[in-house]
Structure formats: C-alpha cells, structure tokens
C-alpha cells in the first residue's frame, strides 16, 4: 500500500519519536510495577501520534501545556528523557528536581510549561501565556492539549471565550481518547463535539484522525500558520484511543470486551510502520529504530534507578521569595 | 393598531404585573436614594416583560432561580411585595428576615429559590433543583434566569452540560440586556449567541423579543411544555435592554449618547400600553392600573419604612443545626 | 463485632442511609465503577444509576447541583474525589451551600455531605495531597469531620448524612485499607471527641491519619514512663473543647499534631482557644506539630519532610515534660 | 507630603509600576471604566486597552490567564472585584499560582498581584463582605497583605507588584475614601509591621480597617490611664512576629482584633505562635476579638452584630489589665 507523495523521511522521523514515547512509557509502567515510581502514571500508549504530530508543527519557543497524561507531549516538545525519567523516580536531576513527578512534568527551556494534575486547569493558563506573547509583541503561539473529559469543566468555556475575545495566538487541542478515567465521555457530554463547542465560542475548529501522525502534523501546521498570522485561536479535535487503563494499575475492565483489542489494530505506531514498509523501508531498519528507542529509555531507566534522592533541603527551596521558611525553622 | 387575536384579558393582566414590578423598583430606587436601603439595588426597569412573561407560563410549584437583578422575577413568581420591600429595607418581616437583602431575595413558598450575588452561580443550583425533581418523580420544572454576562462563566458550561447529560427538566433563560455592569457584553463574548452555545452543549434554543411580554410568555409556554413532557432542557434567549444603570447609583455614562433614549421607545410597558389602547382599552382604565400598582408599592414602602429592625438575636439563627453559636457565646 | 476496612465502613454508612431514606443519593465522578478508591463499590448495582450518579468532570456542577437538589428536598452525598479538587467548587461550597440557609432567612436548609478524601498518599505531590480542613472550620454554616478509624468512619458518616447541615467530610486516603471493628447502628454524634488513649502526663490532640502516629508515639513514651493521653477530635467543627480542657486539667501539657500546614492550621485554633479560655490549665507552653509552610513534594524523601512522625511527637512530649 | 485617598494611593502605585515596567498590566472586569471602586480611574486612557484589560465575567480565566501570562514573562495585576468572587478562582490561585514554582522545581516564578477588596461595606450581605485572609496564610507560596492607610496602600502595593511571588493583596472596601499623606517612592517592605501607636500597658495587634477601630479604642483607654500599643501588621504572611514579641516584652498583654470570623481566623495563628514561642511574655491570657462564626447579614443592625467595636476593644483592654 504505497501512498503517493508520502514524505518518507519525515514519517520515519515521526515514527522514531513515537517509538521513543512508547518506550519511555513502557519503562515508566515497569518502574511503577516495580514500585520504583510511587506516584500515578497515566500512559498515553496509543496516543503517540498526537504528541508527535502536534509538536512537529511547533517552534521550540512556542508554548505547550499538557495534562496529567503528558509524557509524550513533553518528550515530543524536546525534553530530555533521562531528566524526565529521573523526575518520575523522584530523584536528583529530575526535570523538576523530583518535586513534581509525572503529573507536573515540565521543561520551560523547550517551552513546555507543564503537565497539570487538575483537569482543564491548563486551558486558562495556556490562554494567559498566549496573552503575554501578544502583549509583548512576540510571534510565539501557545498550544494547550486536554482530554475529552476536560471539555466539561468551566475552564473550557472561560479559556476559549477568553482567547476568542482577545484574539489570542492559541491552539487548543482536544486529544479525544473516548474515555475519562472509567467513564465513557459521550455518556456524560452534551452536544456533538468539542469542535461545535469551540465554534459556539467563536473559534474555528477542525477534526483530525489522531492516530495518523502525518495528518495531525499537517492539520497542526495549517492551524498554527493561521494563528501565527494573527488569525486568533483555533481548536483541533484529534480522535484517538487510550489503549491501556487510566493509570498503569488500571486494568480497564469496565470497557466492553474486545473494544481495546480492536483499537490496537489502529495503533499509530503500527500504522506508521505499515506505511514505511509499504514505502520500501526495510524491516531491519524499522527494528533498529525500535531498539534505539528501547536502548535510550533503558539507559534512562537505569540512570534514574541509580540516581540519588534529592537533597532534603530542596524541600524548602522555590516556595517563594518573601516569607520563605528556612529548613531550620521547622 | 389592533392586533388580531390579541388576548386582551391576558395582556392586561401581564400589563398590571409589569406595572407592579416597575412601581416596586421605582420605590426601591427612591429608598436607596434616601439611604433607607443601604445595599446595592439593581433595577430591572425595561426588562419587566421577561419576568412577567416567563412566570406567567409557570406553575407555582415550579422552581425559579434568579440573579442579582431579581425583584421582577420574584414578584412575578408570586412573592408578596410588602415582605420583599421590608427585605430591601432590612427590616423585621422581610422575606428573608432582613438577612439577605435585594441580592438574596427568595420566596420558597412560591418556588422562588433565590436571587444570587454571584453571577452564574444559580445555573448549577437550578440544574440541581431539576435533578431533585426528576429523582423524586415530580413533574415540576426548574427555571434559571441569568444575564448576558453570565454566559462567560464556567457554570454556564457545566450546568448546561449537566442538564443535557441527565436530561433534566430545566429551562435556562438568558435575559440579555446587552450590558454586564459597565461592559458591553458583545465586546468580551466570543461566538454568535447564548443559543448557539446551548446547542453546542446539546440543548435546543430559541430567541425571543424580550420586550414583548406575550411573545415571551408564548415561547416559555411552548418550551415548558416540551420540558415537562420529558424532552430535557431548553434555552430561551430573551433580548431586552437595561434602561437604567447597573445599580441605582450608576448613571451609565459609559453608554453612547442616545442609546438608552432610543431604547426607551421600546419599553415593554409602553408597548403593552399601546397594544391595549389599540385594542380598545381606555386610557382611564390603564391609568387606574398604574395608580393601583403605585399605591400598592407606596404602601409597601411606607410599611417597610415604619417596620422595626430585626431582633439582633436573629443574627445567630439559621446558621446551622450542629455547632451553632448561641448569641451569648460571642 | 464485625471487622472491616475504613473504606468498607464508609460504604456501609452510605448503603444503610440509602436503604433507609429514598432521598439520599450520591453524585460524583466514576461512582458507577465504585469511585476512585472503591468506596462506592457495588452501590450502583443495588441502587441504580439515578441514585449512584456518575458525573462528568464538573466539580462546580457536582457541588452546585447538589446544593440545588438539597434545597429541592433531597439529601445528596457529594464525592469530590480528592480534597484538592474541591477547590474547583469553592464558590458553590462556601458562598452557596454554607450561606443559603442564612441568606434566605431560614427558608431552606442545605443537607449535603461533601466527601473530600484528603492527605498525603504515595507521592501524589502538591495538587493531590492537601489537608485544608482548617479552611472549612473558618466558614460559618459548615460542619467539618475527619474520622480516623473504621468505626468512626461508619458512625460519623452516618451522622453526617443524617444532619441537615452541609458537612465537609474528610476521609484520609492513607486510611482506606485500615481495618477495625464496626457495629452497624452505632452512630457517633458530631462534635464529640474520643479518648483514644488515657494518660496523665501530657495531652496530645489529633485527628485523621495523624492520630495513628500520635498513638505510635505513646508507645515510645510509655517505655520512658511518660503516659500521654490522646484525644481524637473526630469533628473539627464543632470541636470538643470541653474534652480537651478536661484532659488538660489532668496533664497541664498540650501538644496538637496534624498533617496540614502549621500556619493557620486547625492547631492554631486549638492553641488559641486554650490559651485564651483555659490559660490557667497550661503548665507549659503548648506545642504544635504540623507541616512546614511548603507545598507537598513528589519525591518520597521530600514528601517525608512535611510529615510529623511519631519520633517528633515523642520528642515534643519529652520537651514539654 | 501630598494627601490622597487610599483609592488614589493604590492607583498611584499601579500607575508608577506600569510606567516603570512595560510588562506590568492589569486584568479584571470593568477596568476600562476605572474598576468598580474607581481604583483604576484614568489608567486606560494612559496605558490603553491592552494593558488595562477589561475582562469578561470569568474569574477563573482572569486568574488562570494571569498565571500563564506570569509564567510567560509578564507581571499581571489581577483584579477580583470583591474578595468573595476570588472563590470562583481558587483552584487557579491555590493549586496553580501558589504551587507552580515549586512543582516545576523552580523553572518558573509566578509574579502576580491579586487585588481582593474585602470586608464589610454598607449592607453588602453574606456574599460580598467576607474577610478570608487567614485562608491564604495557610497556603505555601502565597504572600498576604492587608493595608490600612493610604501610605501603606501605596507602599505595600508597590512592593507587591515588585515581588516575584503571587501576592494576595486585600484592600478594604470601607477604606477607599480614607485620606492620608502619601509619598511617591516610599515603598514599604512586605512582612514588616508598623507601630501605629506606642504604649506600655497592652499590645493590640490588628490590620486593615479594624486597625482604625483599635486606634479609636486607645483614645477611650488613654482617658482611663491605659496606654495601649497598637501594631498594624500590614502583612499577614510573612507577619512580623518579632515586632509583636517586642511589644509584649513591654506590655505582657496581648489583644488581637480582626474583622474576619474568629474561628481559624489569623488571630488564632498569632495567639498560637505567641503562646507556643513566647509563653513567658504573657502576663495574662491573650484575647481575640473577632466576628462570631455566623455569615454576615444584610440588615445594618444584624451586620453590626459581627463587628468588633472600639468599645469591645476597650473593654477587653480593661479586662486584661
């Protein structure tokens, strides 16, 4: 199934990023299983095309804000896997000094302004980052990724209306994996789609196959261009599926039998792999991509496991400048 | 201008209710001017057709939830003007014992579950009242009135989605008077209309001329019938205009010259009056309606002014059952 | 007496209340699957999806709708999932639920039980670990409860559901699996403390998970000849000032320990009340043991920095002796 | 020194900060018309609609957007209109603004100044009158300020805007029209109290509007030969424990008065800290004077029930003497 004008070089690059995300999370799950990571791990396995496609269309200085399920977004935006893995382990050298963990992963040096433990909270924060960019006359944009469950919280309305009212450079991305924790989102969600909600708030919206990495990238590129040109906010509705449970310990037994199995055939990595072999790439080469990703994340895992705990005085650092406690005060 | 099949009896009844609301608020403003009322008074002058038309379509046991601008809604739902006026004056016998004032006016005995000092807060509360009616198998409905400014707060999304998801018997009414305090709502509001927002949340919506009392009543009657029949929530967008300032002390100098003057020609009371004279009612009769309303509210005003302050021990009553203070504790 | 977990005890209280009163219902996210901690397991099967209402992720609507539903004659049990997420519904709880009865001059009560699982629990970090009980004690209209044992979780939750007031009911996430004896029917009155351990030398006041650390400390102290009395407050509003004063009249020494931040935590209220109204009972300066004013970290060793340990308590008891 | 109102003093602080630093901007409802109390009057004309940003009624977005805009390099001044409405943005303030720097390991600060006009003001009733300053003192990451005079409103607001922390800045609605001398350039450091009146017999600690009542009480007391020292805390976090202790070492008598509810109000923290760390300084049991734990009524005489009056303070001073 050779697709005409498939950009093989680009796809293979995206493929490698998706493999890195997959491998990172497989090691994160393993670490949770082995109680090396104590906090909750929300895997994005099956959703790697969203992270990869979106970030491929962004500049390093563009802002990205994510969710509790943010490893892929953070890696794709350019964060270092080792520093991220150390963060999950709560170790020294973690990307947030071990103070945030998986749900607060962030790398401001690549414009990644944070995962967030509060569903939908980043929608307003992302609008604000865009507001700042506009005030300072920068041509950066701000991208906010959230789930299908998040569109039922107030900040969805307030943040989108805000962006529309002030014509801000924000791209809102609803990464719709059908489920919000153990609830099928459509059972508790009125209306047709996140896109219709956005349009009612004055924001043009598009839907895309969120498991087609090239389609996600292309749609994002188009929307980003419109936004950067001063066109105001846009929303992208990326339809994907959460292949595993809500967290690494969730067996997702509440899903109908066979639902996930069927969705595995639509896994974005398999799809990209099929396209690449169809375009003539050898299985050996694809396998080497896989093992590179695996090796990178194995090394990150080993590094994190061997890293020391943070110095306990750090618990008192970065609280605030004024009225900060000294460790001795306690 | 005789309108065919105008129900003169019904219109004259609505006309009298509008006059009562108008007279009540004129006395409330006077009381504020004379410092007999200290709290803020938000007059609904110019919007009497909404209150009147909506409530005319409701049963006494239907719930109504209102805004900070709720005198008209409360009167139209059937509350006693004297007890309301005493409340505004903060006197004994006030409908809330003098503890709420204008912004918390309520009369649970006629299903009026309260004005609210927090914009949009009643949207979720109204959805909840409908939820209770549904759970208890009652055929009551719940009506929530809010302003054009309220549609930019999170509860608009959460409450409407809630009502849609649980198919609740709620009528949402956006009483759109163009202004939210000193801000022209359309300047800070994305999208086309509250109706479009409702539709995107799965709720069918209608727009009505909010200064045409019969049109408001007819639209409400239709929507209420659909809701009571189990059709789930609806939204009515009633387009009206706030003829005075945001509060009784606001001169509304921020409005373009002539805007309000022009809108006065569309005052719902004048329009009803024209229709009634057109239908053959005598000016004398209309004048007697006016003076009846005036006299009723003059009496309420005099009564309130002569009423004693609440007993100060009441300050300690109705806080809570468990862990309540005794006045002596303080 | 049957033994069950803190989780099961809460579930039993809900189940019995729902059987007894058709106006009681539960509302929160994922309740149909038993709730995020399994504390509603099996209830949907018994009571159906109307009364075990699985909500969208809409904390403001969950709380706000419960307020309306309470005013309209039902008795909602509101599940906030993590106490931290209640911050998405604070207007609904503090400006609406707590004040409606008062503002409307007693025309309506707001009988809701707001379950807010609180506290530190395996590296949950700053947004999933907070203990904000003192906030609620500051708000007129609210009752505040923080059970420490399965029996209390059954008995206090039963009382909370029965109450006509809005009750903020804070279970501790680290206690779900703790087992103990529970007797159906043993309702525990709100506002009454429990002497968790009798002693004569020092009074240790605590609640929720921290109570267990206090009890651990007494074992260390007892070996050293210090017999501490431990008071489990159970309810923070109303709180049992009399029980504390009575104990102090024996011991003359007060230690309050809690997991929440020390500054403006509920320990402050206790020390203030005691020093104001029972000054003469204090033979020594009272002591607060609580978290430093820093957010809760993710890394286990940094997280531990904010914990009050049994050793900390024992040390304070020696110091005050 | 020029005389101006508390309102004008705040406005001057904002204006000077905006002139000096192009990244400072204001966001809130109706700011273009000067804000609901006129405290932004004329600023839109000088700085334009981008920097005096008139927002929709979206408190969560106002606060949340400010957090994002602060992380992205600007310094927003956030106007909440009434402190009560900040309850619609508590997740954004407490879970986001206060914790972001910490959770992200110091990768970002969140320099926002959150103006929350607070307190009782002409029959505003339960949802427009609250003083919740003690809540914010309980939250690591937040600085809390409550100025009582025009000079302080200028000097402290200037300092708050300059600070890199999220500062909850609570002006009192009943003080807007109070006049006093203000000198441009006189920045007041956060965390330092002011001796509002010197005295030797009793220490009265207060802040915000209540400070003025405390000063009124000293006039009554002085006639009776009681010379009270009045400390205006100005900032509640950090608060000037040293200044209070120093005064107590003279007087040995402590009265704290505030407008907020007594239970878990900031007075509790002060009494607790003093009794814990400076027990020896207390010659008499300390006294708190604050509102009873009831919502604020609308009727003026019921509203007055929660006020701490100059007479109440004078009586307490006599009692403690």
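Letters A, B, C and D mark the chains as written, and numbering starts fresh at 1 in each.
In this text, contacts are C-beta pairs under 8 Å (C-beta built on N, C-alpha and C of every residue); 3 or more make two chains touch, one makes a residue touch a chain.
Predicted model only: the values in this text are computed from it and were never measured.
The minimal number of chain-to-chain contact steps leading from chain A to chain D is 1. Using the mean of the Cα atoms as each chain's centre, the chain most removed from chain B is A. When the interfaces B-C and A-C are ranked by C-beta pairs in contact, the top one is B-C. Chain centres here are Cα means. That of chain A falls 45 Å from that of chain B.
Mean C-alpha positions place chain B and chain C at a centre distance of 40 Å. Centres computed as Cα averages put chain A at a distance of 36 Å from chain C. For the pair chain C and chain D, the distance between mean C-alpha positions equals 30 Å. The multi-chain contact residues of chain D, meaning those touching 2 or more other chains, are 55-56, 58, 60, 84-85, 88, 91, 95, 102-103, 125-127, 140-141, 237, 293-295, 297.
Among the residues of chain B, those in touch with two or more other chains are 94, 96, 98-100, 104, 116-118, 152-155, 158, 161, 165, 187-189, 319.
Shown here, the protein chains touch in all possible pairs.
Only residues 37-40, 87, 90-91, 94, 96, 98-101, 103-104, 116-120, 149-150, 152-154, 180-183, 187-189, 254, 309-310, 312, 314-316, 319, 325, 329-330 of chain B touch chain D when the two sit together in their complex. Contact residues of chain C toward chain B in the complex are 23, 25, 50-51, 53, 55-56, 58, 60-61, 63-74, 76, 91-92, 95-96, 100-109, 140-143, 163-167, 190-191, 235, 237-238. Of all residues in chain A, only 152-158, 160-161, 163-165, 187-192, 196-197, 199-203 touch chain B in the complex they form. Partner chain A is touched in their complex by these residues of chain C: 29-30, 32-33, 36, 54-60, 84-85, 88, 122-128, 292-295, 297-302, 304-306.
Residues 63, 65, 94-100, 104, 106-109, 113-114, 116-118, 121, 123-136, 142, 154-155, 158-159, 161-162, 165-166, 317-323 of chain A are the ones touching chain D in the complex.
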